[in-house]
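The same subunit A turns up in both complexes below, where it pairs with subunit B and then with subunit C.
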Partner chain A sequence: MRVKPYTLFVFLLPGFTIVGVLYYMLIWTGVVSTTDWIGMAPVWKFAGFKNYIVLFHSPRFWTNLKNNMIWLVVFVVPTGFIGMILAYMLDGLPRLSKFVRPIFFYPLVIAPVVTATLWAWIFEPQNGVLNNLLSLMHLDFLKAGWIADPKIAIYCMIVAGIWQNFGFALVLYTAAIGEIPRDHIDAAKVDGATSTQIFFHIVIPEISHATIVVFSLLVLYTLKVFDLVWVMTGGGPGYATEVLPYFMYRVTFRQLMVGEGAAIAMIILLMSFVVLVPISKWMMERWAR
Partner chain B sequence: MKKAVIYTILIVFAMFYLLPMYVLLATSFKPLSEIGISTMWNPPKHFSLEGFKKAFEKLSKNLKNSFYLTIPATIISSLLGSINGYIFSKIRFKGDNVIFSLILFGMFIPYQSILFPLIRFLQSIHLYGTIPGLILVHVIYGIPITTLIFRNYYMEVPDELIEAGKIDGASFFKVYSKILLPLSIPAFVVVIIWQFTNIWNEFLFAVTVTSNPEKQPITVALVNLAGSQVIEWNIQMAGALITALPTLIVYILLGRYFVRGLLAGSVKG
Partner chain C sequence: MAQVRLEHVWKIYDNGVEAVKDSNVTVEDKEFVVLLGPSGCGKTTTLRMIAGLEEITKGKIYIDGKVVNDVEPKDRDIAMVFQNYALYPHMTVYENMAFGLKLRKFPKDEIDKRVKEAARILGIENLLDRKPRQLSGGQRQRVAVGRAIVRNPKVFLFDEPLSNLDAKLRVQMRAELKKLHHRLEATIVYVTHDQVEAMTMANKIVVMKDGRIQQIGDPHTIYNKPANIFVAGFIGSPPMNFINTKIVRGEGGLWVQASGFKVKVPKTYEDALADYIDKDVVFGIRPENVYDKMFAFAPTEENTVRGMVDVVEPLGSETILHVKIGEDQIVAKVDPKTKAQEGQEIDLVFDMEAMHIFDKDTEQAVI
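Moving on to the complex of A and B:
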């Protein structure tokens, strides 16, 4: 359909302005990351890559990066794969799944700060819910400091993260498996394939599009995780649970090291490009006219 | 045998999902005196609204703020998304795919990479620290996903319908308001539920943009609910439930539309 350029312009304007603002701010962050800006008042003094170099020499930065990697492995992989397997299991049990699925989905609509508050109590180091349960079951030797123990705190947080986001993987995989043509599966059954064989040879290849989306978005999630850290540990003990998005906030808004904060933000952005660029391209190929 | 394995796995998983909800409910309805070490797992002996009363006293203003924030932000971002979706699905113009991919890309940009300029921007237009400022932020960040959902929905509407409208002399806007808009109700339901849930639950923008406790949405207030001394967990859990209730109710009533929203764009995480 053709329209007059003027009409088009008027209708595109609001959306266009807004997206323009978004990209303008992105570039702005990039520029600020090369300045010496400290404090609330702008300091446009060019400092080259100084902020980045300072970061690369800071142990706190590397702890953060390591924690992000722990999230990447310990959060993304189980959430994605268990979602895939469980979706397949439930696909074979249609009546049961109707009743079971909502149980896994409901945390998706709950605010992350609610999830964090709830799990902060479960993992409370003294008389928290979990330690209490272990006492009741006479398993006192398993009692631990949980989120107060620097060695395991981050894993406790990841448990809360999985609890909240697992339903997302399940929803996407359930839909993808539902779209597999039934005759493909039926034909394999006639040939005597076991359900495990069907899973590996038919289901996994046919749901690869869902796998791309699920894993990409879970990876992006690990680069955004913030609420859980703020509420459950505040990054502590020490910096044991601090991740880059939280680090960026602390550096920018608490220490007012604006230039350095912008550098962290740019590093987060560059890391997200690893999945962001392919998934956007892939979506465009699917959806472009 | 195989069935037994599957059922065992499902039961373990279901426990993992339901026990935290049990804890939340049981604790929030207990008086503080019952949250002892030995009775934690018991259901409340004396059904008490003490926790809710105290939590509500502290949170009621923020609950209202959350509604003042979420409702306008949801409506504005949905309407703009619908208009954008119309343009990107039915009208060809130079560079349309480039602009559309820029919008799509915008959906995934981590909040952190625009957070500080955003604050400066809000300060410069005197909206920093206000609910309208936060509404603007959510409109900006909401446009990509709402555009995407509406665009994919309108792609299914046959072009002939639009052309027929044009031949009848309907203007560009008339085609939208008289033909497309009445067909859009299902898409609006999906988008509105999606936006409502996400904006209601959002924390990072809320905590950065609003520093005055009077102006903060409920997610921020919940985090600040714990006093500096002993944490009264019954109040905490009651507060958490109050915060979660609006989106949970929406989910219980209209959950399938939420799931559709999740699938429609396959969406931001």
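Moving on to the complex of A and C:
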């Protein structure tokens, strides 16, 4: 059936509108990042790359960037692997997995603020659950300041992040492992593979598409992590646990330096492009096939 | 190479389904045994139990004289070719074939030698660098066979390996597998629902139905001396004619009395039918043993019946007639030069030496 061009246009209009607004805001942010706008005032001056230069000279920015990198390394890989290994183990235990999978999935549907509050309570140095538990077990030497300790606070948050997100990896990997034809596994068994060898030689290569999706989405999560930081530490102690999205929010809405905030936003955008572009390209090609 | 023996083997699933019931089979060294039956008859389950991919509920399986019930598939020294080939999609043809040897820590040059030798036998030397998705069905099939033969195992297991190929390729691969069997002198257990594959390749056929073995025998025996109605009907195309009849005593001996015809039982069979006189039995005769009278060798009044031609199906090399005789329908495979026409009468001659009689209640063969 031939469809008239204007009919097509009508159906595409909502999509175009949404994408249009998005691009308008992207460009607007780009423009604002080169001004000294303070948000409330109707005037601004063109400032060139001053905002960026200020940022690059600020130790706080580099701490933020470093924290984002810590999230990237310490959060992404364990979350993905825990999901992958659990999915593989539960695949062999269909009865247990029916019962256990929803439990693992719950953290994902809980509001991040609730997760953050829960874990802040666990990691609280004075009356927190963890320290109390350690006292009860006479393991006092393991007690620590947790979220009050600038050295380990970020890792406490990452634990909360892993707890919240491994269910997501688990779900995607469960689907991907379920798609592996059973006879590939059987053939490998007959070929002489142990279950560990099957995991490394057959399962991991055959779920590579899921790995790309899981890891890229987890990377994107680290680039926009905000709520855990906001609730658990507020970026503190000092700015020890701050990450770029949180920094952007503070600079923009608390210090009302909208121009500088927009510059941080542009940097985050650039970082996500580095991840997104190759992946989108890969996925488009895969779907086109 | 080795012998495989199943002793009172049962497979009962957790939900109570009995997939295999009391199977007793011996696969001799270098023998090509085909497990044949309709889908759901337990033949694949039996094969998977031999492979070690399925647990045995009761009974024992021996490979080379040793009980293997609790032996892992990898330690049974078997190779299996799967229905969907089960090639690893991320590995090249070479890697697919070398995988089993690599896991068994064979030296690199030995692996290389074996893979190349197998590739040469199967004519896939030029495909070694390709991935499975770049191969046709027939090529994948060869790679799957190649993956099995490089290991030089005690027993080869084939699970309906030709069912995904088109008809022409199937005929070709059938011949190649048979040649391969002679060349490798391998012990092979082969599962199929295709009676032609079974008849053409097997030294021994095991016919199964609903988890139970119906008959074990060489193709000739299975075809000529089927143990029961199921085996008789499953082997042969078109299938054997079954007609409800009565054995009666008449002029000169025993006769088979049907609704619309009466034919004489050969003298040699009379003793066997002594207990069935005046009883209902199932009379069986294969279409290829029913002749158009014009082309029959020895038509007599005792073996000739008259019927009405319902359908004529010329196949070139032969013609299939569907003929109505009384209330019964008989299918005959006759000479292609037959003059039979739909709606006309025809005289058919039964080769009564090739007849079968089955007990009506037990469905077991009497003759």
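We take it that the second predicted complex is superposed on the first by the 281 of 289 C-alpha atoms of A that agree within 3 Å, B and C clash if a C-alpha of one lies under 4 Å from a C-alpha of the other, contacts with A are read in each partner's own complex, and residues count from 1 in each chain.
Keep this in mind: a residue touches a chain if its C-beta (ideal position, glycine included) is under 8 Å from a C-beta of that chain, and two chains touch if they have at least 3 such contacts.
Keep in mind that what you see is a predicted model, and the values were worked out from it rather than measured.
K.L.:
Subunit A superposed: clash or fit between subunit B and subunit C?
P.N.:
Verdict on subunit A: subunit B and subunit C fit.
K.L.:
Which of the two partners, first being subunit B and second being subunit C, lies in contact with A:Ile154: first, second, both, or neither?
P.N.:
neither
K.L.:
Taking the superposition on A as described, I'd like to know which of subunit B and subunit C A:Ala263 touches: first, second, both or neither.
P.N.:
Neither partner.
K.L.:
For the three-chain arrangement built by superposition, which of subunit B and subunit C touches the greater number of subunit A residues?
P.N.:
Touched residues of subunit A are more numerous for B.
K.L.:
Pick one for A:Met283: touches subunit B only (first), subunit C only (second), both, or neither.
P.N.:
In the superposition, A:Met283 contacts subunit B only.
K.L.:
Is A:Leu86 touching anything from subunit B or subunit C once the two structures are fitted on A? First, second, both or neither.
P.N.:
first
K.L.:
Vertex at subunit A, arms to subunit B and subunit C: angle between C-alpha centres to the nearest 10°?
P.N.:
Between the subunit B and subunit C centres, as viewed from subunit A, the angle is 80 degrees.
K.L.:
Could you look at A:Pro205 and tell me whether it touches subunit B, subunit C, both or neither (first, second, both, neither)?
P.N.:
second
K.L.:
First (subunit B), second (subunit C), both or neither: which does A:Asp227 touch?
P.N.:
A:Asp227 contacts subunit B only, not subunit C.
K.L.:
For A:Asp186, decide between first (touching subunit B), second (touching subunit C), both and neither.
P.N.:
second
K.L.:
Which partner chains sit in contact with A:Val251 here, subunit B, subunit C, both or neither? Use first/second/both/neither.
P.N.:
neither
K.L.:
Between subunit B and subunit C, once the two complexes are placed on the common chain, what is the minimum CA to CA distance in Å?
P.N.:
The answer for the closest subunit B-subunit C C-alpha pair is 15 Å.
K.L.:
Which residues of subunit B touch subunit A in their complex?
P.N.:
That would be residues 6, 9-10, 13-14, 16-18, 20-21, 23-24, 27, 37, 40-41, 80-81, 83-84, 86-87, 90-93, 96-97, 99-106, 108-118, 121, 139-141, 143-144, 147, 151-152, 155, 159, 162-163, 166, 171-173, 175, 197, 200-201, 203-204, 207-208, 219, 222-223, 233, 236-237, 239-240, 243-244, 247-248, 250-251, 255, 258-259, 262-263, 266-269 of subunit B.
K.L.:
Which residues of subunit A touch subunit C in their complex?
P.N.:
181, 183-184, 186-194, 197, 201-202, 205-206, 208
K.L.:
In their complex, what parts of subunit C are in touch with subunit A?
P.N.:
48, 51-53, 72-74, 78-80, 82-84, 86, 88-90, 99-100, 103-104, 147, 151
K.L.:
Given the complex with subunit B, which residues does subunit A contribute to the contact?
P.N.:
Touching subunit B from subunit A are residues 1-5, 7-8, 11-12, 14-16, 18-19, 21-26, 28-29, 32, 86, 89, 93, 96, 100, 102-114, 117-119, 121-122, 127, 129, 132-133, 135-136, 163, 165, 168, 171-172, 175, 213, 217-218, 220-221, 223-224, 226-227, 230-231, 244-245, 248-249, 252-253, 258, 261-262, 264-266, 268-269, 272, 276, 279-280, 283-284, 287-289.
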